[in-house]
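In the two complexes that follow, chain A is the common piece, with chain B as its partner first and chain C second.
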Partner chain A sequence: MDNGEVDINDEVSETLVPHICCEFQVLSKTDGSASFFQGSTSVLCGIHGPTEVKQSKQQNDKSAIEISANFNTVTHSCREKMLQEIIKNTAETMIITHTYPRTGITVSLQALHNDGSSLSAFINCLTMALIDSGLSMSFLVVAVTCGIPREPDKPIILYPSLEEEKLCVSVVTLCFDSVNYDVVTSYTTGTFSILRYEQALLQSESAGRRLVAIFEFIKRRSSDNCS
Partner chain B sequence: MSVVLPGDTIDDIDSPIGSTLGPGLRLLGDRVVASKAGQLCSNGNPSVHWIASSERRYQPTTGDRVVGIIVGRTAEYVRVDLGGGPESAILSLLAFEGASKRNKPALNIGDVVYSRLLQASRDMEPELVCIDSHGKSGGLGKLSNEGFLFRVNIDYCRRLLTSNDITMKQLSRVAPPFEIVIGCNGRIWLRSAQIRTTVQLYNAINSAQFTKSFEELKEVLNRIFH
Partner chain C sequence: MAEEFASIHLEDYYAKFIEQDVRPDGRELGEFRACSLSVGNLHPTADSSATVRWGNTMIVSGVKLELGKPTDENPEEGFIVINVEMTPLCESRFKPGPPSAFQQSVGQYIEEILINSGCIDLHQLCIKSGKLSWCIYCDIMCLNWDGNFIDACNVALISCLSRLKIPQLIIDEESDKPQINDDIPLRSLEIGLFPISSTFAVFNDSVVIADPNLHEESLTNSTVTITVNIEGTICGLRKNGGSSIKSDQLNVCLEKAVNRARELTQLIEQL
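Moving on to the complex of A and B:
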């Protein structure tokens, strides 16, 4: 991986990400939609836009992005609102909103099954749905979740399941752009040392590169089927 | 077929200054960068390049010929819905062949009209006309109410409109006489002598989207029309 290119058939990097399954155009009335399976966690996303918005929400120079994410939790608290804001900020870096002034783009995300790493599943599903919708994007964003275990000598767990997340002292979700692999978003819970965070960054970047290769493969397969 | 992802620099274009960058490509400094995911396509000389991606919502672009539905009318112009968002486009009632202040075309709400986008900037309402610069209609104008209007993928419409597309040529060989108008906004208007033929054509156009070879296309069309 010296030049940053990842071979989809590379066995070593196969272990970095869980089993990914994605389907485009699953919803018929939307402008773009995708269902995304990341291991056992699955998410559905639908995108409407660019459409008309109320005067109060209209922005003269760019599009107003609205995210509505349902995490399927029993209690609804401020945490869900904050996660929606994080997803919205990530979407705003991805979409070239200046192309669609005075419009609104509505994104609806629904968790189908949550087995850990849900924020990264949401962002990856959003990326796939945006690919399907054909909206102008500056780059793709791929999301990786790391679980940092309590014991300092244990390795970092990539894409921890719900059980593994409970045993971790900290869960870090990192998003990378597909061009320079710079960090776009970082969301952490719990405490961790700087060394552990740096380890998580490096491992997530490798996983992110693999994920971009997988996304490209998925898009290529679906294009072949359509044309 | 290789696929480009948003953010990829396109190296295959020799002279970005001389060629036209279509949907999905933009110029960042001196680099051509993709802004959509899809296959890179080129056509013609001077070369036009664009990204063929799955798209359902039309983005108004200057010069496109589109099929619109009239949703509002004033004394001076009509409002036309092109399927994109969010605003409807404006079509002046004087922009028709032979129209004058005393002699305006009879257009009602709900009529289907085939027109050309004169101006489609992202900051203003799109503007349509039904004449070319010589004042002739060239096929533009109101489409008869006896036709059938349906939607397909925008990318498929673009493909049907390229000069070397085989679908339309094969259809004209196999099907009874018909009239078709393909709009760049993903709308197709069909008219033929019998309803049965129109239904067959609708099925044929929708099925031809997924055929991968000429033989497959011929077989599908033969099954529909015989």
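Moving on to the complex of A and C:
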């Protein structure tokens, strides 16, 4: 681990992330698609692009990214709109939009089963689908969810389930880039101390490195299967 | 000459200033703009009101108390409804009509800042469990947009709510109608420690500047909004994608946010 890379067979870091399962090319009519299983939470993502867009939505220097994310909630509120904006901004960071001016890239995300840590599952699924789509990317973005329990001495829970999230006083979702592992996106609910946040940052960074190793492994294996 | 250069090459114009650790408006990289606050401007139409001038950004907020029926899920709680208006008056990018995704997202985040912090216990708004409760309607309107809308809105909202006075009600047994009890003085809304937000922007992938104005916001796709109270408890940390920020830069921002929270809490409490 001297150069920061994580060995996929490392037993210690195995405990950092839940069981990840990912399949490419699940949808036949899209340019890129992936179904992503993160523990019990699963998400499906389809990407169309670069495609033609209306004049009003066209941007001269880059591609216009449109996200539609269905969180499977009973009532639709502004909260879903806000989360969609967060996912859209993360996608814009990943994709080198200047490669595709005056076009549009449409991303559709659908939650299949929500057992907690849904925002990170969405962003991880988005990353996988983008790999499948072949769009130019500056780096991968991996998302980690931390649950901070009410009691200050209890350890931070990585990728909490729905039940565990209810017992936590706050839930922090962090996204890291795969090059320098700096924070790209952060979204929190609830309150926590600065110390807890720093603990969450450290632990999520380790989990993020593990996740990038897993993604690279999946990518290599799927391209081996194709050739 | 400088104006022409700024209008054509805004990025290069700003880069030249950032190299010298200053900004075109004379502020240092980590300096916030002065915030001035006045309250009670919309009296007596609004039950509580405040106007915030944050540099050139101007926000007016008004709060009205209404009676309503509590929801079935929370029969012991009242509710707070926050509505944020961004009209073409404040900035040309906003068009008349239904709010865009950006407007909805900003409005939702301002509501989340307040609710996340848990500073207002909604149980104090309940009059009769399951039947009657107070509903606080907050309207926030932007008059001039010069960047950092979220922080200015937050200050306006908290100032309004901290000054809100709630009358005591008696429910007439016969007609079942509520009436204001004039004998008992109005009580203040109980608020815990104020959640104060501070926004930073990551410029040029390496430099972090505090409190971006309109030009600076247009140059960057990456802002961090940190909400803290004076005790240093983080009530929210949102980074909306864009260029990444290093953890040591984040720590510096956290420190600045706590200091700013102390300054602004003092300002709000003083008036």
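Annotations for the structure displayed:
Note that the second predicted complex is superposed on the first by the 225 of 227 C-alpha atoms of A that agree within 3 Å, B and C clash if a C-alpha of one lies under 4 Å from a C-alpha of the other, contacts with A are read in each partner's own complex, and residues count from 1 in each chain.
Quick note on the criterion: a residue touches a chain if its C-beta (ideal position, glycine included) is under 8 Å from a C-beta of that chain, and two chains touch if they have at least 3 such contacts.
Predicted model only: the values in this text are computed from it and were never measured.
Contact with chain C, but none with chain B, is seen for A:Thr93 once the two complexes are overlaid on the shared chain.
After overlaying the two complexes on the shared chain, residue contacts for A:Thr103 are found with chain B alone; chain C is out of touch. Contacts of A:Val53 after superposition: chain B is touched, whereas chain C is not reached. In the superposed pair of complexes, A:Lys62 makes contact with neither chain B nor chain C.
Legend: residue contacts after superposition of the two complexes on their common chain; A:Asp224 is shown touching chain B, with no touch to chain C.
By the touch criterion defined above, A:Asp177 reaches both chain B and chain C. After overlaying the two complexes on the shared chain, residue contacts for A:Phe192 are found with chain C alone; chain B is out of touch. Of the residues of chain A, those at positions 177 touch chain B in one of the two structures and chain C in the other. Here chain A touches chain B in the complex through residues 24-25, 30-32, 49-53, 94, 96, 99-104, 131-140, 177-179, 212, 215-216, 219-220, 222-227, going by the rule given at the top.
Interface residues of chain A, counted against chain C in their complex, comprise 77-79, 81-82, 84-86, 88-93, 172, 175-177, 180, 182-194, 197-198, 201.
For chain C in complex with chain A, the residues that touch the partner chain are 101-102, 104-105, 107-109, 111-112, 116-118, 221-222, 224, 232-247, 250-251, 254. By the touch criterion given at the top, residues 1-3, 5-8, 24, 26, 35-39, 52-57, 85-87, 122-123, 159, 209-210, 212 of chain B touch chain A in their complex.
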